[in-house]
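To start, the structure under review is shown below, and the notes come after it.
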Amino acid sequence: MSAEGDSGDFFVGYLPTPARDVRWTRVFVIATVILALAAAVVFNAAAPATGRGVWDTGHEVTLEGEVIAKPFPMLRVARGDGTAERVLLVEMGKHGADARVAPFAKTDGTRTAVRARGYLITRDGQRMLELSEDEPIAVGGVLPPAGQFDRIGTVELVGEIVDSKCWLGVMKPGDGKTHRDCATLCIRGGIPPSIVCRAPDGSMRRALVVGQDGAPLPFDVLAPWIARPVRVRGAVDVVDGLAVIRVTELNEPA
Amino acid sequence: MLTEFIVETVMIYAVIGVLFAAAFAWRGVAVVDPVARHATRGFRLLVAPGAALLWPLLMVRWWRAAARDAGDAAEVPGDRTERWQPASERLRSRALLAWIVLAPLVALVLLVAIRSRAERLPETRDAGRLPEPAVERSARP
Amino acid sequence: MSVSYQAVQWNAAKKAYDRRLALAIAVYLGGFVLAATAAFEVSPIVLVMRAFGTGAVLLLVLILSIGPLARCTPRMAPLLYNRRHLGVTMFLMALVHALLATVWYHGFGVLDPLTSILSSSTPFEGAAQFPFQPLGLAALVILFAMAATSHDFWLRNLSPRVWKALHLCVYLAFALIVAHVAFGSLQDAIWSGYAWMTAAGTAWIVGIHLAAGVKEFRVDRRARALAADGWVRVGEVGEIEEGRAKAVKLGPARTVAVFRHARGFSAISGVCAHQGGPLAEGRIVDGCVTCPWHGYQYLAESGQSPPPFTERIPTYELRIEGRTIFVSPTPNAPGTPVPPCAAGEGGAA
C-alpha cells in the first residue's frame, strides 16, 4: 500500500502541499507578478498626455465683473493690464449655469456687475469658475473696462470637440474616446463645448463652439461629432482674448 | 425609448430580486436545499446575490419544494450524475468549439480596433490664428 | 464536501492562497500607481479606475491560463485548487473599475448613469466610434453571474452541468473584455506597445485554449476506438500502477476510471460529483479515490464518499480474462458496491 496514506507528490488541497509544487508555484506566482507590473508600465507609457489643467477645489474664490448670459454664461473680469478676461461660469457636476445666470443679465444692453463665488478651473491661462452651491452670484462690484474684439475671419480647423469644463482641468484626461460619454453628457447638460486643435508651433489652441447665428449649437447637431477627429469651418472672433467659432460646417477630416 | 425600457425593466427585475433574495436567504434556501438547514449566516449572505439574480428560477424551486412532503429526504449529490455526466463531458468539446468560433472574432476585433486607433491631432495652419495659450500662468499651485 | 454550508470552506492551503493573492494584488496596485506617477498626471479617480481595470484584466488572463496549463502539468494543481477565489476577486476588481467609471463619466449629469452608458455613445459609425462601455457592462454581468453562483450551493442546486455551462461563459466575457479594451483605452493609446501587448495577451489565451482543446479532442477520439462489442477492453493488468487509474471512454461522452488499489481493481465513474473533475487523473489517498481538482474522495468499491459525506457516483462491473481487463458498459446505480476484481481471477461475467 505504498501509495496509500500519503499523497506523495500528488496535490490534495487539504493535505500538506508537496515540496515540488511549493517551489514551482512560488516561481510561477513571482513571474506572474513581474509580468503584470511590466504590463502596468507599458499601459502607463502608452497613456495620452493630459495637459496642465488645475481644478482648485480647495479654495473658494470670489470674482467680480460683468455678467454675460449669451451664448454661454461668462464673467468679464478686469485684468491688471487694463484689459478684460472672460471667465466661463458653470455649475457643479455636468450642468451649465444658464438658469442661475439668466436673472442677472439684462437684455436691454445695460451692463450688470456681479460677484461670483466658486472654484477656479485653469488650463494654460484659460479660466473657468465652477459656481458654489448656495447663492453664488450677487449684484455688486466694479465693471471691467470695455471689451476687445478681433475678427479673425473664416478658418478651417481639424481638432476635437470637448466639453470645456473637463478639458480645462476637471478631468485628466478630459478628451479622447474614453472620455467621450462624459463629454457628451456635459455638453448635453449645458457645459460650453470647445474645439481644441494643434497649431503649427505644437501648442494646443481652443475656441468656443457656437452656431452660425452666434447661439449655442443644438445638442443633436453636435452630439455625433464629440470627442473624435473633426473638421470644422467657421468664422472666428476673439472677444477679450477668448476665441469663439461660429460653425458653418462640421465633417470628417479628409 | 428602447434604452429607457431596458433600464426600467432591469431596475424592476433588480428590485424584486433584492427583496426576494432577503426572503430566500432567510427561509427559502433551507426549503430548497435541506443541507442549508444549519448553514451559517455568512453562507446566507453569500447566497443572496445569486438569489437576486436568479429569483424567477428559485421562486419556482421554492414553490415546488414547499409543495413536496416536508419530510422528504434530500437528494444525495451524485445521484443525478448519470443524467448530467454525458452532457458535462460534451461541454469540453463545446469549449473547443467556442474557442474555434471566438478566435477569429477576437482577432478581427483586435485588427479593426488597432487599425482605427486615434492618431495624434494634426497641426492645422488656421489653428495658429487662434489666441496663444498663456503657458506661464499654468504653474501648479 | 457537503455536510452543511458555510460561507467559505477555508483550510490552510486556501488561507495561504488568499493571503498571497491579496499581497500580489497590493503589489500590483502599488506598482501601477508608481508607474502612473512617472507618466502624465491623471485624476486620482482615473488612476484608481485604471489600476483596478488593468488588474482585473491581468487576473482574468491568469485565471484563463490555469486551466489549459493544468492539462499540461500537474504542478498547476495548487493554483487550480482555489481558482474560484481568483474569479470572485477578479469580479470585485472589475466592479470597482466599473463603478468608478460609471460615477466619474456618467454621474453628476442630466441622465441617470445607466441610461447614459447605454445611449450616449454614437454606435455603428466605424470602429473608432464603436461604443466600448456597453461591452464592458455585458462582460461585468457575466462575471457577476459567475461570482454570485460560485458557492457549492449553486453547483449542487443548478446541477454541475448547468453550473459548468454558466461558468464556460467566461470565454464570452473574455472576448467582450478584449473588445472593451480594444475599442476603449487602446483607441486613445499614443504608443503602439500597448496594442502589441493586448494582442500578445489575447493570442496567448486563445492559443493555449485551442491547443488544449485539440489535444483533448484527439484523446477522446483515440479512446473511442478502443470500444468493442459488449464489454469494453480497458487494457492489460500491468498498465495500471498501484493507486492510479486508467480512463476508459464508453461512447463519446462517458468516462470510466478503472483504479488499481490494495484489494484489486475497481471501476467508478470518471467524473467527480462535485464539479465534474477527472477522477481517472486522481489517486488513491488514505484508501480513497481522490479527485485531483478539489480532493473529493470516494471508496473505489462503492463509489460512495466516506462518512459523514454523502456524495455517491456510479460504479461499473469489471472482469479480467487472462491479463486483460474488461468493463461493463452499463453503469450501476450511484453508490452500488461492487467487489473488487483481483488480477488472475476469472471475474463474474
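Going in written order, the chains are labelled A, B and C, and every chain counts its residues from 1.
Heads up, the rule we're going with is that a residue touches a chain if its C-beta (ideal position, glycine included) is under 8 Å from a C-beta of that chain, and two chains touch if they have at least 3 such contacts.
These numbers come from a predicted model, not from an experiment.
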item: Chain contact graph, described as a line, ring, star, complete graph or other shape; value: complete
item: Innermost chain, taking as reference the mean of every protein Cα atom displayed; value: B
item: Of A-B and A-C, whichever chain pair has more C-beta contact pairs; value: A-C
item: Mean-CA-position distance for chain C and chain B (Å); value: 17
item: Chain A and chain B, separation of their C-alpha mean positions in angstrom; value: 33
item: Distance from chain C to chain A - Cα centre to Cα centre, in angstrom; value: 43
item: Residue numbers of chain C (touch at least two other chains); value: 128, 183, 187-190, 192
item: Residues of chain B touching at least two other chains; value: 118, 120
item: Junction residues of chain A, two or more chains touched; value: 176-177, 228
item: Contact set on chain A toward chain C in their complex; value: 1-8, 10-15, 17, 20-22, 24-25, 28-29, 32-33, 36-37, 39-50, 92-95, 171-173, 176-182, 184-186, 188-189, 223-224, 228
item: Residue numbers on chain B that touch chain C, as the complex places them; value: 3-4, 6-7, 10, 29, 32-33, 35-43, 45-47, 49-50, 52-54, 61, 76-82, 84-96, 98-100, 102-103, 105-107, 109-110, 112-118, 120
item: Chain B residues touching chain A - in the complex, by the definition given at the top; value: 118-138, 140-141
item: Chain A-touching residues of chain C, taken from the complex the two chains share; value: 11-14, 20, 24, 27-28, 31-32, 35-36, 38-43, 46, 50-51, 54-55, 58, 62, 74-79, 81-82, 104-111, 116-117, 120-122, 125, 128-129, 132-133, 183-185, 187-194, 197, 201, 241-244, 261-262, 283-287, 290, 292, 294-295
item: Touch list for chain C against partner chain B, complex; value: 2-8, 112, 114-115, 118-119, 126-128, 130, 144-145, 147-149, 151, 153-154, 156-157, 159-161, 164-165, 168, 171-172, 174-175, 178-179, 182-183, 186-190, 192, 195, 198-199, 202, 206, 209-210, 213-214, 216-217, 220, 251-255, 269, 271, 273-274, 276, 303, 310-314, 331, 334-335
